[in-house]
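These are the structures in question, set out in turn.
In the two complexes below, chain A is the common chain; its partner is chain B in one and chain C in the other.
On to the complex of A and B.
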């Protein structure tokens, strides 16, 4: 078996450390560098949400940042509520009495909305999703995943 | 000796305490139970109110301890101006009611709690010696002998939008009966139009001006406050089936068939014994429905309900003033549509 000189060992260690730093830097870049996605011009949006036991229709809504959103909450069976996480926005609708409210979507991200009035046994599961702007966290996560795969493949190669 | 006496006294004290505590506790509990009635609200599918009848003596306070077991309900007393209570699941609401006059009162849920919400009613029987309460006067539809089940579409409807302001110009031409309250109550707009059409003083007026007069007469028999009040009542109690715009497309009647007179013509057609009859309410914005009915007929339909449809009976719940307001509001659907179509 060949014996490696201490010099080569030291070099190898240095190489390893530079690799790790580059990797970490890449991770940080992927996580925090702003994507060059242009903001769509803000529009007025009128969203009609029907609440029934135990779902919202539609339950997934995508809007752009800065939109002026008006929500019409229609209940089709019992009294339901609508409360949006991350925003101070609450509605309550009786069947036959549409309740409306509006807010400006000035925070991006994915927010859950929930029924805020106890409406039966599955009430805690009555939730929906409001996505404001592109879901950057998802894209960043996917790229990070790819990076991990590449690193894994490379490490297998260098071991050989 | 003194010590022995003290020891005996202490033992007697402890034994009597051990007996007294549970006895007093039980006494207190039974006193509470006698005074407070615990009432659970549940969706009609889950059993409705836990008590269907509550008995109380006139003048005595009735303490209620109310909670909901499933969804949000309300507690209201029919024909009273007592504000409705909100019954939230998991929370108890306490209220004290005092009934002065003996009789039967209806308590009901006033929040839509499912398709059978209106069935959530119960009775409070107030007993007492002073049977001074006089029987209520008969509603007009019974006095006039109106058959509220027969078809009542308008014989004729205006061909263009009506304007009550224009109708006001011709008020000096009108015969005396046209402005009487009794005429308004007992006659449908279409019938009154046909009656006025035969008047010689109005013979030169075109049909549309005559409709303006009818709209003006209907406006004279109501006030703005009544319409606003009626709108509130409609939104809270009727809109879930009749639709917020009165078009008969409320959230509770989705998927039900549209009413067809053939459904109930039992002359020679066999019908299913049950399950039939639940149909959509008529479109109030189509004047053919509302211009064919008189206020007395509408009152009857609201009080008695039924008519082979899923319409509940509101007699024990609405006061006469509330029904009047509701009727005033209903007619605005028929008059407004024509104006809407012109835009």
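On to the complex of A and C.
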């Protein structure tokens, strides 16, 4: 095998680092660059959520960014809670009672809401989903996946 | 490829050669294991207040996937307490074999060899997971049954037959240890070939012959070969991740099956435990009810028909596109290597959602392990509901992309051409997309 000169080795290393830097920058762009999607005008939303062992109904909710959201939490069996990830918003409803609270949906994305009062064996997994605006992270993940495939294929040196 | 032999460092060598450090760690894990069983049986029925649930399914299960396997391969197996009592009886001694051990030392039946039973065991974990993960009593009973079974089998069969062929966690760690950065190998093959006694093979609880080791799947990193080798010819290497993959490495059909079961399990666990579908959770929990049978049927159909069918179809297409036509069975085994990085990263991504949210329960159960109102370290009331953060969501996206990158790279490495790799990459991409949707969709 021919030994490469130190200069060529240095150049190859530089090329390799340049490629890695470009790739990392590309990943950052895919993950964080804002998408030009217009926001729908904010409205008032009144959402009634029934909590029972071990589900919320409805369990998947879609709203727009900026909406003024009022949640009525109704418990149909035992005491349940409602805690929304990413928002400091929590409710607690006694059996047969309704508990209400409001918040402004000022952050976009998909946020899980969970029961915050131990209600039985499956309590830790009593989860619902609130989607505010489009789920851009899912699209970003798909694009990043395509990039991962392309980079993987390009990273293998084929024998000529 | 680059390797760093850890035995060249005197301190590490001393630690690995002595049986004491490993014995002490295993004694602690055995004590923890027994304590977990006691907590499960005697403690609170509220899972989040019981040491057994939080330590087995949150702390240990997370540590296995996020630390032991990615950074140490089968390192957990080297300190696992489950085979300890059986091994003491087999060896006739606690620290080392005395030559007066008891047991029939029969060979494990040929028909039951491989990963088939471990894959079956993991399917059972999936089928009964909603109950097991939430009931401290059931968790304790399963742990007790496992240690008794391991003990009984060690009295009938030779070496660690339970770990090799039955333990579902052994199957899980063995499969993904192939991607891990640790291996035990011989330093100089010639030295071993000339050594007639084979002390390493005779001492290995796993029945491995280090000279023949080509994969880390079945080596439990117990270090016995290192200790008994008279010529100091065993190396414990740090190596690049994924070193067991390649176009010429040998793989079996049962590995493919185990890899597919793992993929199906991570999808089902994500849907059941992290999804918003309450009826699915209840169906998975109410064992014996009609909804449970429907859940079990769909799960088994997905794990045994849909996913393997999709994989088989991609392998069939890949095989047609290759320069050399291998038998379909051989190709199913050969291409199963892509399932390993794909599955390992998928389980890590799942764990980020599953466990991070529940870490707040760990200190409270240390403070009050039985849920009896104790407050040993002053943290019994510090648990809060927990939440997924923006960071963890981004982290999962990056992890899944990394898994797809790794699996695609392995697919290309073990294929004749890019064209042949594409069907396998398509399989990986569809799986990854499904998991991405379940985790962050």
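Definition applied: the second predicted complex is superposed on the first by the 123 of 160 C-alpha atoms of A that agree within 3 Å, B and C clash if a C-alpha of one lies under 4 Å from a C-alpha of the other, contacts with A are read in each partner's own complex, and residues count from 1 in each chain.
Everything that follows uses one rule, which is that a residue touches a chain if its C-beta (ideal position, glycine included) is under 8 Å from a C-beta of that chain, and two chains touch if they have at least 3 such contacts.
Small disclaimer: the values here were computed from a predicted structure and weren't measured.
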Could you look at A:119 and tell me whether it touches chain B, chain C, both or neither (first, second, both, neither)? first
Between chain B (first) and chain C (second), which does A:129 come into contact with in this model arrangement: first, second, both, or neither? second
First, second, both or neither for A:23, with chain B first and chain C second: neither
Once the two complexes are aligned on chain A, which partner has more residues of chain A within touching range, chain B or chain C? C
Looking at the overlay, does A:152 come into contact with chain B only (first), chain C only (second), both, or neither? second
Applying the touch criterion given at the start, work out whether A:77 contacts chain B, chain C, both or neither, answering first, second, both or neither. first
In the superposed view, which residues of chain A touch chain B and also chain C? 118, 121
Which residues, counting only chain B, touch chain A once they are in their complex? 43, 70-72, 88-90, 111-115, 235-236, 238-241, 243-244, 250-252, 254
Which bits of chain A are touching chain B when the two form their complex? 74-79, 94-98, 117-121
Chain A contacts chain C in the complex at 27, 31, 52-57, 59-60, 81, 83, 85-86, 90, 109-110, 112, 114-116, 118, 121-129, 135, 137-138, 140-142, 144-145, 147-149, 151-153, 155-156, 158
Could you pull out which chain C residues touch chain A in their complex? 46-48, 130-131, 134-135, 272-279, 281-282, 285, 358, 385-390, 393-394, 397-398, 400-402, 404-406, 408-409, 411-413, 418, 421, 425, 429, 432-433, 436-437, 440-441
